[in-house]
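There are structures below to look over.
Next come two complexes, and both contain subunit A; in the first it sits with subunit B, in the second with subunit C.
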Partner chain A sequence: MNQYLTAGLLIPVLPLAAFVIISAFAGRYKMASALTAITAMAGSFLLALYVLSSQLAPHPAAYELSLPWMHIGDVRMDIGILINPLTSIMLIVVTSISLLVLIYSVGYMKGDESFSRFFGFISLFSFSMLGIVISNNLIQLYIFWELVGLSSYLLIGFWYQKPEASAAAKKAFVVTRFGDLGFLAGILILGFNAGTFNFLEMEAWARTAVSVGAISAVLFTAAVICLFSGAAGKSGQFPFHVWLPDAMEGPTPVSALIHAATMVAAGVFMVARLFGIFSLSPEAMMVIAYIGCFTALLAALIALTQEDIKRVLAYSTLSQLGFMMLALGAGGYTAGMFHLFTHAFFKALLFLGAGSVIHAVHTNNIWNMGGLHKKMPVTSITFLVAALAISGIFPLAGFWSKDEILTVLLDSGNKPLYYTASFTAFLTAFYMFRLYLLTFAGKPRDERAYAHAHESPAVMTVPLIILAVLSVSAGWVAIPGMEKNIGTFLYFGEHPHGAPFNMGVAVKSSVIALSGIGLALIMYLFGVLKPDAVRKAAGPLYGLSKNKFYIDEIYLFVIKAVFLRLAEIIKWFDRHVVDGAVNLSAFITRWLGVKLRLSITGRVQDYALFIFCGVIVVIAAFAVYDPEALKMFGGRQ
Partner chain B sequence: MIEALSFLNEIPILTIIYCLPLLSVLLLLFVPGDNHRLVRLTALIPSTIAFILSILLFFAYDYNTGGLQFVERHEWAATIGINYFMGVSGINVTLVLLTGIIIVAGILASWEITYRPKEFFMLLLTLTTGVFGVFMTYNLFLFFLFYEIAVLPMYLLIGIWGTGDREYSAMKLTLYLMVGSALILAGILGLFFACGAATGIYTFDFDVLEQVKYGITFQKAFFPILFVGFGILAALWPFHTWSPDGHASAPTAVSMLHAGVLMKLGAYGCLVIAVWLLPEGAKFWLPVVLILTLVNIVYGSIGAVAQKDLKYIVAYSSVSHMGIVLFGIAAENSIALSGAVLQMFSHGIMTGLFFGLVGMVYGRTHTRDISKMSGLAKKMPVLAVFFVMTCLCSLGLPGMSGFVAEITVFVGGFMKYPVLTIIAATSIVVTAFYVLRLVQRSFFGPLKEGFESLKDANKIEYAALFILMFFIIVVGIYPFHIMKVIHGSVLPIALKLGGM
Partner chain C sequence: MITLMHYTVLSALLFSIGIFGVITRKNAITILMSLELIFNAVNINMVAFSKFVAPSAAQGELFALFIIAVAAAESVLALAIILAIYRRRRVVNADEMRLMRN
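Up next, the complex of A and B:
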């Protein structure tokens, strides 16, 4: 086995080992648990760097390995590893952010009675997520996909005694399960037709099968859209987006790691991983692009009016994931993954910053904050960096990746998508600065919370600073003209074709971002335009945004009015019709018994009569059906 | 096959395994009933040996050779074809192992029984002997004999040690299963005479019956008789309503054994007797069977949503999961059949866990109504972990046996009936919904008042749960071996059905 493959195999195994050790032994000792988890993750991070090094060579080889897991006749299900540039960059994202979040959590979770369980679960999550990243086949992807869903369930419901938390955990699992049902259907369709679950073999099959018509275009597109529904579920794309905001009931480091930077990006990663298959169906790509675009806009509109600091960030995550899907759907493989890469850092930073604030003021409501910059300068400045990055301000990370997406959209010639995306970018800049200003700037609106506030300890602020540095610099891998940049490293097809830097787009998007920030400053810092006045002017639109377009209510109605009603009907039917028939047959039997009992009179004459009647019936039956047989009664020939 | 285990070929291992519980019953006769400790140990030790032997048997089975192994064959009433014919295929060793696991866990879960434990264990172990026998014999007369031994003690076990409306449930269950038995007996006699008429050999020996090519009319007539006869025990819709009532009234270990093993016995009969011996009949009736099994899966899972009683939820969930077994059987190819057999194994353990846990929860809270409990995890973390894991297995989480079995059924089913398979697969969403809601309502949330003094699992209970969970995880993580064992043995059935 190649040493890179060994490293690739070890990367998920280390956190798994940490999970097992913490569950079995270390659980009693809080610091031992944290140290175990952090050491394992640091090991994985170093190994990820090692794997990355193998892919930075001018013409890197892809490494692949399959180990038999279950073979049933011709059907082979394997556990394997595939190392290529996509794997290596994703490994870096997951391990680095996991590591930082673990360190941060030592401070954030301090004093929680389930401190050890937290570190165990995070390790379990990292194991599952890394399992997705290294997968070389669809079955394995699905296996780890579900395990990631499990870790998400466990971590959202971490404070299981809070009813909202356990409800949100269930909701997240069930909603994503809907997507996964489609995913499973897609796997079955493609696996059955291709005769393999292996990515590379399936891609090779699809290229020829689609061109020679070995699989009908409609079925292929259906299969691909089915696969995408899995991705949409995990990545919170419309109509599956409803679980992510509720998932904010989990501890904030969980939101940062799982519900912002890594797990929710798994859907995007899956589309990228299977890009060779997705891109063969233009219709499916169109669906992905439009769903991504719609989600980006919808979530941004909702984010405008939310009051919970974490929910604003959650909607922002949905919106940014929509951007990534939009990019992929428009054919921008590099752009989509690049945005995933940069977004992971600044969004993790935003969440950890929010966690730092919540830790200090013990409230999530931004209207109870304000003026916190003075009390917590490190948090404030790093948060500002992240807000600038997500808004797309030069030269921060978000600028480069957002710019690349917009360039892809412009090049694709689809104007509506381009303008919608640009408008969403404007909204993003606005709501991010609304959030920043209401939290850190101005005067404190809740004196008690303010008085209580303090900067977080170094164990929390150091990860913030590291992430802030990355949020500034992660985009620099796209600086044009470098020999090895994101476009020449991570590309789809034979030759690098990352979108070239487009000055026009860059200028326009910068103006858009600045105007969004400007509007936020006008409304929330200078107070020229009163938020209340804007709210009144917006009228019902405000209500729509505030109530998330009532999508949750619609779902709830369908569940209550249709699904639960159906369950009640089945319950009734089962009890009264199916079981009723059973009891009826018992009743009839007993009734017959009661009636027939009367025939047992105890008089021999009656019995003789019955026998005589019986004989008559038998003879009559023979006479009708088989006259020959009458001979045995001595009848004449 | 592991070389070190080849000594098992030298001894009548099958007879030894099924006689061990019987030995317990005999020994119990001489144990004073008020010495509970001795009674329990007398019940536990031989069963534990049987359990260990069943593990060894499983690994001693050589899947490269396949076919029947460890055969014991002696003439008995040979003139009427009744012979002592024992043997195991890959399907059998899997189900024997399942029985071994469940009986040990079941005895441990009934450790605290104080009302006539001696008689309780005697009946329970008699039942176990029957189940072991059914899974080992290839003479249909013996098969029926063992089958009845397995079914009948249930009446007393529920009627005497049950809860709630136990006489009604016991009677309902027994009568219902007797209807099944009557059908099975008719079917077996039909096979016996059809074989005699066709070949001149009147025998109950399976290998002879299997060689006969039965007339198409006979197959069409007798397949539904046998399939429904066994299907009743496997909770085939609409013959499933004995199951929720029966489980609700049955004591814990009986529920465990019943849902864990006896329902499998029905599915096993459907597969090995109805389908294998009457393949043409199976093909003819397939559309009906498929629809019924789909109803099982979907109706069972949605039916579970509306239930409030823990045992009813698990019982309907069993209806749904057994539907997947029967669906796999109806899909006719070796992959789906392998999945079906693995699902029998997996569901057996899982539902054993479920009923064991429900019993433990009920023993503490004295309610099974999920709207009356909340926050149990706070006081019973160990039980909560096991409960959540069992629920996760139930909803088909990878890493656990349920996933392996279901995905295999779905892959195999999809090859033949893509649309129906997708419909069947919707149950994974519904199941996720009701089991997670169950967890949320009962174990999560704030602790309900009055539950402050609840105790977590004791060592014996922990052992019972651990044994079961161990196998779920092992099969979930490494299904390679068990799948090889099963697949080799379902292949002949699939070939007879004309597919792979």
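Up next, the complex of A and C:
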């Protein structure tokens, strides 16, 4: 085992150790817990840098460690580690953001009763997420996938005393369950047909599988779409997107880490990891692209009218995840992963900034904020940087990755997708600046909250500043003309996969982003166009967006109309038929018992009588079945 | 001429009287006496079969002797138990000794 694999193995193990130590020993000492978690994560981060260094060489080798775990018939299951450029970049994203979020949480969670529990759960989450990243086969990935679901459940319901929080945790768990069901089906179909669950071997198998008839094209496409349903569940793609906004009930650092930067990216990562398989089914790629595009647009439209600062960000996350899926579906492997990479930084920054604001004013409603720039300049400026980055302004991170996606879409020749994505980019710029302006600019709308507001302590602002620097610079890995950029780094297939820089797209997308920002300025800063007037003009459309297109209500209606009816029938069957059969057998036993009980009198003579009767029966049996035995008594010959 | 049949009939009669006694008598001592009748019915069978089926070996007689010895020991034990119960509970009637049922 070479040193990079050892490092790769240690990366998830360190947070796991932190979790165990915190649960077992450090739980009582708050600062000790935080320190344990942060130290472990810092160690993982350094190891992740080391692993990255192995992949930066001119012709990096993929390192794989694979140990046989079990055989089922001809199918082999392994446990192991796979280190390639995709792994290393994802390790950097997860460990760096986890580390910053942990440091930030020391300030944010200060005074919380369950301070230690928080750090323990975050460590558990990081362990699971890093486990997904380093897995070299689907079964192992699925195990960690479910562990991530569990830790997400624990963290969303962290304040379990709040009914909304525990309901949100349950909702997240159940909704993703639907996606995971498909995921498992897909894994099993592909795994048992391929005879292996190893990524590289499956990819090699898939390349020829359909053409040599190892699997029918229809089944293959179905399996791939099943796999995608798992990704859609985790990454909040339509129709599984309903859990993510509700998950905002968790503490804000959790939202930043899990529901913005890392966990929700697991779905995108999984599609990227299996891109060699996905890309073999054009139909499945089409499905992914359209679902991604639809989610991006739908979430952006909903984000326009939300009033809870975290919900706006949640819908923005859905929208950006849609962008990533769209890019992958359109064949843009590098573009999708690159957007995941940059998005992680500015979205974590947005959430942590929002957390800082909530920490200061104790409300989530943006209409009770305003004018906070004067009170919290660091938060305000870093938030502005993130908002510019997500809007795609040159030269910030979002500009590069969003352009890469748009270029891929343009190259794919699918005009509707390209225009929808561009329109969504416009909406993104608009709602982000609506959020920024309502929060930080203008006059305070709630004097009491404003008077109370204050800048957050350094332990919270320093992570914000670091993330702001990354939000500016993370995109520079794509600067064209560099010998080693993201395109040549994230190798896929025979050739580098990065779309070349397209000046026309860059100019157009910049104009789109600027016009979105401009519209927000006109409406919410200069007050030329009154928001109320726009609301009236939009009429029912406003209500549609405000109420999230009634999707939650539709789901609830379907559940009531279909599932509850079905449940009633099954309940009747269970109560009367299944329980009836059980009760009947119990009744018969009981009745027999009551009757037989009469024979046990406790009188010795009765027992003697029974024994005597028994002897007679035995003799009678002999007489009937074996008369020879009685002959020696001198009976008739 | 006395045949095996006569012995077995006698034995069967003794056995039946013994069983009848065990089942119908209440007094524990009487039951014990009836039990002795059953033993003796068995002993008669043993000796009779020994004489008529395999006269040379005298195995049946030997068994009968053993049974008499074991039955004596067993009677001692049973009487001791009855006495112990009588001391504690002042009863000798079997139907009042319902220790085996609550």
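Details
The rule we apply is simple: the second predicted complex is superposed on the first by the 567 of 637 C-alpha atoms of A that agree within 3 Å, B and C clash if a C-alpha of one lies under 4 Å from a C-alpha of the other, contacts with A are read in each partner's own complex, and residues count from 1 in each chain.
Here is the rule we go by: contacts are C-beta pairs under 8 Å (C-beta built on N, C-alpha and C of every residue); 3 or more make two chains touch, one makes a residue touch a chain.
This is a predicted model, so every value here is computed, not measured.
By the touch criterion stated above, A:Ile72 is placed in contact with subunit B alone, subunit C being left untouched.
Looking at the shared chain after the overlay, A:Val507 reaches neither subunit B nor subunit C. In the superposed model, more residues of subunit A are touched by B than by the other of subunit B and subunit C. By the touch criterion defined above, A:Thr601 reaches subunit C but does not reach subunit B. Judged by the touch definition given at the top, the superposed model places A:Val534 against neither subunit B nor subunit C. Subunit B makes touch with subunit A in their complex at residues 172, 175-176, 238, 240-242, 245, 299, 302-303, 305-307, 334-335, 338-339, 375, 377-378, 392, 395-399, 403-404, 407-408, 410-412, 414-415, 418, 421-422, 425-426, 428-429, 432-433, 436-437, 439-440, 443-447, 478-480, 483-484, 487, 491, 500. The touching residues of subunit A, counted against subunit C in their complex, run 600-605, 608-609, 612, 632-634. Residue ranges on subunit C touching subunit A, taken from their complex, read 3-5, 8, 19, 22-25, 31, 49, 53, 94-95, 97-102.
Subunit A meets subunit B in the complex at residues 68-75, 139, 142-144, 146-147, 150, 153, 157, 160-161, 163, 165-167, 169-170, 173-174, 177-178, 180-181, 184-185, 188-189, 191-192, 563-564, 566-568, 570-571, 574, 578-579, 581-582, 586.
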